[in-house]
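Chain nomenclature is as follows: A, B, C and D, assigned in order of appearance, with residue numbering initiated at 1 for each chain independently.
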């Protein structure tokens, strides 16, 4: 009997995730049961789950449902987040792979983070704004606050997929890079020729700070007023992972006083309040949750999904998507994305 | 007798070019004759030249003057350009080094060029502008024209100091890089793992085009309407070296019709006309000749100058500044910078 | 109650694996039960297992034993091989980590593999032998068969930990690298800027072939006479992973006829038969299973073990050692090492 | 009138230096006057020089001869050395390029130097010797003196073309590299992310020492007994540039007492005395001046020569060969190679 796969990517769509060639490969692996307009209704799920070998999506999978999914080998979360709507503990016992496609966004987010850093260090957006109103200043006089990235001190908060990609992009800049990541041993960080640091030391000594850690139940507002006050006057604060790590009120307050420069891609509420003071500051670069969501990243997600399901169905371990860890999957606290 | 140096950096200043430590090193090498407020007057020059071992600046040095400068070993041009106010042929015969400190700007211009590319590829400035007026679009919908730099086709026009620095910054992006440079043999370009190309092929096939060639008497308006029309709809055109290479009327025309995206740092007139249509286009990023002129670059200029004069005075060849080439120094056509 | 660890590294020793500082760290994590002279006797194991949180070694762990090890969180195999003396399936169900320290050998083996390649490409050992008997040939005449590694075609059989380390060492040589690995999808290989290839194509077209795959139940003698005959006359065949992949009789036969050059670090029997014809061939470089076993690699093993047990005991996932995969752990067929 | 070139490469040959395609390119540039069996006789030289635009070889060019060579634009030395048989001062006054093709050997010598380092660090040649006499030792017991290159302290004496190529090959090993080069300012060395050092400090602190400096009138026996005694017991001493830098008696003495390990490619006399004690030491790797002289290097020499003459004949500066420096060309003291 041919295997089957439940494709339930809502609010993503099949077309967003799969290039045609990849979807054809997926179809060659198994029969596809999908619901194209909405989350798959419970009755369909209950019908397809017993024979399904894989679920692609952020489908609710309670223990009761999983117990009926006797052929299930893998759940592929086509998102950067883990939702708490799956009985993960039971998946691990059953050796069902819980896979995350968020790694597909790493290149897009890293390139954006580097773009933010260069943009802030050299005043690109502000220079362009001035030019549009005929107020541009030419040459050295416009560069009194500009600096090179080369050989600067960098701080990375959270060395996950994005961080590991970003450090490759930073390599030719010969920066001295400190890393704060409480989930990683110092030797792991040193293996990448980076310097393990505590949060305080990193914030104080870095001229460019990248916030790349995922949201967990433990790191909510870890960057509060006290921590943010440690950031130097010349420094760049680049927030591309999750807004929940930062006390936005404190951040707004410090930025309003021109205490440092910042690029912000994620916000506690999206859309962000219309009259929020952050919207008018010259020392801030604003971006509407745009760092990861490029077409190429979504398509990579699909490609990785097909590659790994193909391996799993051949009796081999997956190698492209990221496997959830039993210990941390239940600490992931991001909210579901909206369609 | 202690050597002497004529320091005539106007419109640069001593303070702009030399960190205090480097100026102290310079003083330890030789007695410094300088004129701090303006170009050194002719009478002072005539007084100091006969014993001077080096001139730092863009001083006018006719054959007549040079003939009196019997101890002269080096002329250090603390600029990116060669002016045609020196009898270069006579310098070469006399084995007087003609050195150019423009190489000190390479890192600054390369970082800026990469920043421009990321900014345009991801719509950073436009996204920020929208955010400031409450018109931001969130996530994937705002990224329909965004793309990654990773593995893209890049074209470099002019592989000089800036180009060689930029390709190092591009390395982690794994781009396929074509180079057009009529002064270089194909094998030289291949040595850098780049692809030699003619101009037409480069313009047609590259998604990101960097114009990095210096201005010469031969490349004026080499990028005219015909050439610029070859650029693809999705492409980025990044102009950071000299405006004279481009037919600005043709460029403006194509950009007004949205034919591609561009970042422009140099203009045929600076300041640029106030009502110029380029100032209002969403597909253009504007920058007021800001790519090179950061503090760190000026200071590097001074450091390199002292290092090389120190070598020359010890009877060793200079290694940090760039030596002018007899064949090309008289083709350099850039206008003098203004103070 | 303080945790406990069973340390049963025989035939390794505690001193071989742990630097003093790392052993102190290990002691601070848990009470250590160890047997220093031999494999831990069954009675001691049965006594310590019920409370043990981790086992370090290649200890026999049948299902019956594991069922009593109710606190067991991790088994750390301080070897490059998985032995079939553990009920791995039960470990996976119980979510007991099965970790392999073989990754600690990757750098040592990769450096050796590169050393073998350079040694063969330039005739270092042979040149040295000739010098010792006064038969050296000077300069170009001695280099008629020498070649550079730069830009050569390389084939890698098995892209595991060693392969991924080796490609970093090869990067500055700008080689064109093909990879054959039936456990990996093409896109995974392309992600490293390598070229996926089938075995035949790789053997035919590569000037330097590295055999890096681990021994499995499926790849026994995969390089037989037919396959080895595809190797080109100028090529280097470098065998550093496992002897079982190669039909040694066929290899000996081809090498005796001077069909290509080879470096061999692993043998079907060790010690290798005294009068074996391979011992006298000028086109062969021989090494007595020395590629991995350097002091630094053993100590790294210990460091990684302590780092990961520390994480696991804190409720975090391990990040330095390699986790066994359910699908492949039972295919690993290497013989146990001898003391 | 077509230009002409004097090709006088003896003791090299045309075939050694030029691939057929490159020789065809050379012929398309100019009429070739060559003497194929020996140095070009004086009468032929005198006949061809007045119209010659370039000389390829190590031809004797006194001032008197050069004065007749009124069309001469370039002298290409197809060797690594400058001989003192040319009136260099007059060439510089006349702006005749003096070009050196030695740069073509950089890759070959660098790969060899890295091969020597790996070979010594891991005992490859000795291990192979033992295997051939049935005295091999397996595994860890044979590796008591082996070490990894990764993260080791390296010392480079002389950062010329070879050194700059070697540091690229060493990059993935993440070594800490000190450089001693009295012709270079510290900032130049730091630009490569290397550490400037004095000779004593370098010798004392480096585990791997590469001697890469060319022979000059000033550095004869700069590595005498006193200096060599500073080298550590575990260190590797790798001599690939010129024998004259080293006091060979002192070196032999220290190596005979097992004070460190060495690889030696150049000798004060070649052939080296038959009964010299260095020939029997286990801690020495011997190589008969084989580091540079591979076919690919000679052919690159020819390719670079044609590329640069083509540029010069077009009125452009050469970019591939190395230009002699007025200050140092007369300090080069290497002996001529023999045929």
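We adopt the following convention: a residue touches a chain if its C-beta (ideal position, glycine included) is under 8 Å from a C-beta of that chain, and two chains touch if they have at least 3 such contacts.
The model shown is predicted, which means the values in this text are computed figures rather than measured ones.
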Mutual neighbours - chains that touch chain C and chain D alike: none
Far-end chain from chain A, centres as C-alpha averages: D
Gap in Å, rounded to a whole number, between the CA centres of chain D and chain B: 34
Separation of mean Cα positions, chain C and chain B [Å, integer]: 50
Every chain pair in contact, whichever chains are involved: A-B, A-C, B-D, C-D
Contacting residues of chain C [partner chain D, same complex]: 16, 107-108, 111-112, 114-116, 118-119, 121-125, 127-132, 134, 136-140, 142-144, 146-150, 168-169, 171-173, 270-272, 274, 279-280, 285-290, 293-298, 337
Residues of chain D that touch chain B when the two form their complex: 92-93, 95, 183-185, 187-188, 303-304, 307-308, 310-311, 315-317, 319-320, 325-328
